[in-house]
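Which chain is which? They are A, B and C, in the order written, and residues in each are numbered from 1.
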Amino acid sequence: MQQNVSIKEVRKKKPLVHCITNYVTMNDCANVLLAVGASPVMAHHPAEVAEVAEGCDALLCNLGAMEDFEAMKIAVQAAMEQGHPIVLDPVGAGGIAYRRARCAELLNVCVPTCIRGNASEIKALYAGCQTTKGVDVSSGDCDAEAEIEEAVTGLSRRLGCIVVASGAVDLISDGNGICRIREGDEMMTRITGTGCMSSALIAAFVSCAPTVEAVAAACTMMGQCGKWAADRTRTERSGTMQFRMHLIDRISLMD
Amino acid sequence: MQQNVSIKEVRKKKPLVHCITNYVTMNDCANVLLAVGASPVMAHHPAEVAEVAEGCDALLCNLGAMEDFEAMKIAVQAAMEQGHPIVLDPVGAGGIAYRRARCAELLNVCVPTCIRGNASEIKALYAGCQTTKGVDVSSGDCDAEAEIEEAVTGLSRRLGCIVVASGAVDLISDGNGICRIREGDEMMTRITGTGCMSSALIAAFVSCAPTVEAVAAACTMMGQCGKWAADRTRTERSGTMQFRMHLIDRISLMD
Amino acid sequence: MQQNVSIKEVRKKKPLVHCITNYVTMNDCANVLLAVGASPVMAHHPAEVAEVAEGCDALLCNLGAMEDFEAMKIAVQAAMEQGHPIVLDPVGAGGIAYRRARCAELLNVCVPTCIRGNASEIKALYAGCQTTKGVDVSSGDCDAEAEIEEAVTGLSRRLGCIVVASGAVDLISDGNGICRIREGDEMMTRITGTGCMSSALIAAFVSCAPTVEAVAAACTMMGQCGKWAADRTRTERSGTMQFRMHLIDRISLMD
């Protein structure tokens, strides 16, 4: 059995995580990485990313940042040469053909350690077609667990990497069986960035060990902190911004 | 009389709102849209925005994102072809000649459903000259209600769209008379993004009905939530960041 | 003795501060400037920054925004022609050679009023070599106060500007002696953006008087608000996001 990775390992290693990620949630991603004990570097200029990726412990590419796609390709190359884990978040691949094409282009030149998206995004990568509108999961894909399981497992086998479909139940596979994580809360869909933050946490965890257990540990922590924050938000009858605050706060207080 | 639009309609429709907006407040705009029950898509790469705008229910162009001006022109074209409502926020048009010129360029190729800015921005578009420094309203323009009324009504008639000048009193016109909304609070000027958020809410509401009533409903909700949050912030003797949190929280709790 | 600058002067002057700064923390920087009574303008398109810099009271260039480097060069030229104070924040110069080179390029064409960075960044500019990985200070540089003092004083004399190395103790020099500010709290390193916010505050203060006293006043205020917010966060057993909120809130409540 592979060694589990806990937040203790992350806090001890203090991994440098290079994020090329969308501008909407990059502040949240940086703060989540600091909360978990990692050190984020958000450099995204094509002329600097090779140097940065080379010196970091993991690379996160989030397809929400289409204007930084050239930088992603350069960074991916540098990370691969060093053998650093790469996490790919295919934001919008479910609803936007252009992003599916760019995602395929990246997957032609690298094997990420992990791909994490919502059910519609994972299904779109597996089936190679549109599955939703915009960047949120479709309601149909939320419910079709068997179908999503097939996409997660199938995509994982085809690409040879760990695949996560986040949702009410997170489905994780490295091609051998499937792991289900029933944490989290519906409130996580009512703010922007919970998916991006999950991917950032996965990058921090896989920098300690590039295993399905490390990915599962990151998803579990995100889900538990989300549930804790949602419970508190409901108890206090407060809204979505307090929820976000409690979520990241909780991560920063974990040990 | 035209049908009013309330937050119920927005929550029921769950409109996809495509925002090409500045990087300073795009996280706030995405969260405000989620708070009101809409689904934000913040795609801004020229190669993807036509596809995204086509599939969404409304388009918001915020001139704070000058680096995305080419994307705006492409998206506006796609939205017009589908007959989707377009909201234009002329951030900085009051103080920056370059933005006034780009705003005029956009208005040459489209008729938005609604233009929303502060008094200095609306006056600058109406008069075609500088009215303030930077991106905030000038103190003179805050007070000159009659003059701003003329600019709102005149610009509305000239362009054939709804025009809003936000301020202590929001002035709204579709060319026929003027609607005054006396909600809001001075504290809304002490954080960045309340104008951008108002424009995002307007985009969500006009996706349900492209009417002056829908615009007024969005402005009323923003103002009431701003007032509620400011009162709470003063009672608790807290500062501007708690104010922002309470403002968006309140929107998320409305029904 | 030079006149001191307090927050009263800033609130009275309401300076327009033009920030060309990284997308990760630009929302925080804008809100900190509003909290202190300044008016932020975050314009960063090359075609508009000359006009904006010319009309503002101070210019902040933050090297985290490498994609806006051409805009920085244009804005610096415009600010110099008007004699406006310039603040330079060399984010990442300690860990990224590309940024050190761009920083040197800027320093070839301007003398800023103030350079503010962490100890590793200031040491890297002084010694012209790599001092850390990523964008955070190295643990060695945190402790080597004598060495950092030499870098601060030496860089200040070489460039003829005020230099600040922020840290557990802020070291400030205009080439004549050194000023030590022992405020702040370790918790300021657990969120992203405290360095960027400090630089923004310095820009607001030096727009009132381009003196070492003004820089020291900005650093003192940031440190005291950071300490206050950290104490409160620990008392309430809350996390890093509440800390950030309390920090900016406190600035907004100062007088």
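In the analysis below, contacts are C-beta pairs under 8 Å (C-beta built on N, C-alpha and C of every residue); 3 or more make two chains touch, one makes a residue touch a chain.
Model, not experiment: these values are computed from the prediction.
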Topology of the chain contact graph, where touching chains are joined (line, ring, star, complete, other): complete
Rotation in the CA alignment of chain A with chain C, degrees, nearest 5: 120
Distance between chain centroids, defined by C-alpha means - chain A, chain B (Å): 32
Two or more partner chains touched - positions in chain C: 23, 27, 244-245
Residue ranges of chain B in contact with chain C within the complex: 22-25, 27-28, 64, 66-67, 69, 92, 95-99, 133-136, 190-193, 237-242, 244-245
Chain A to chain C touching residues, read off their complex: 16, 23, 26-27, 30-31, 34-35, 39-45, 47-48, 51-52, 55-56, 244-246, 248-253
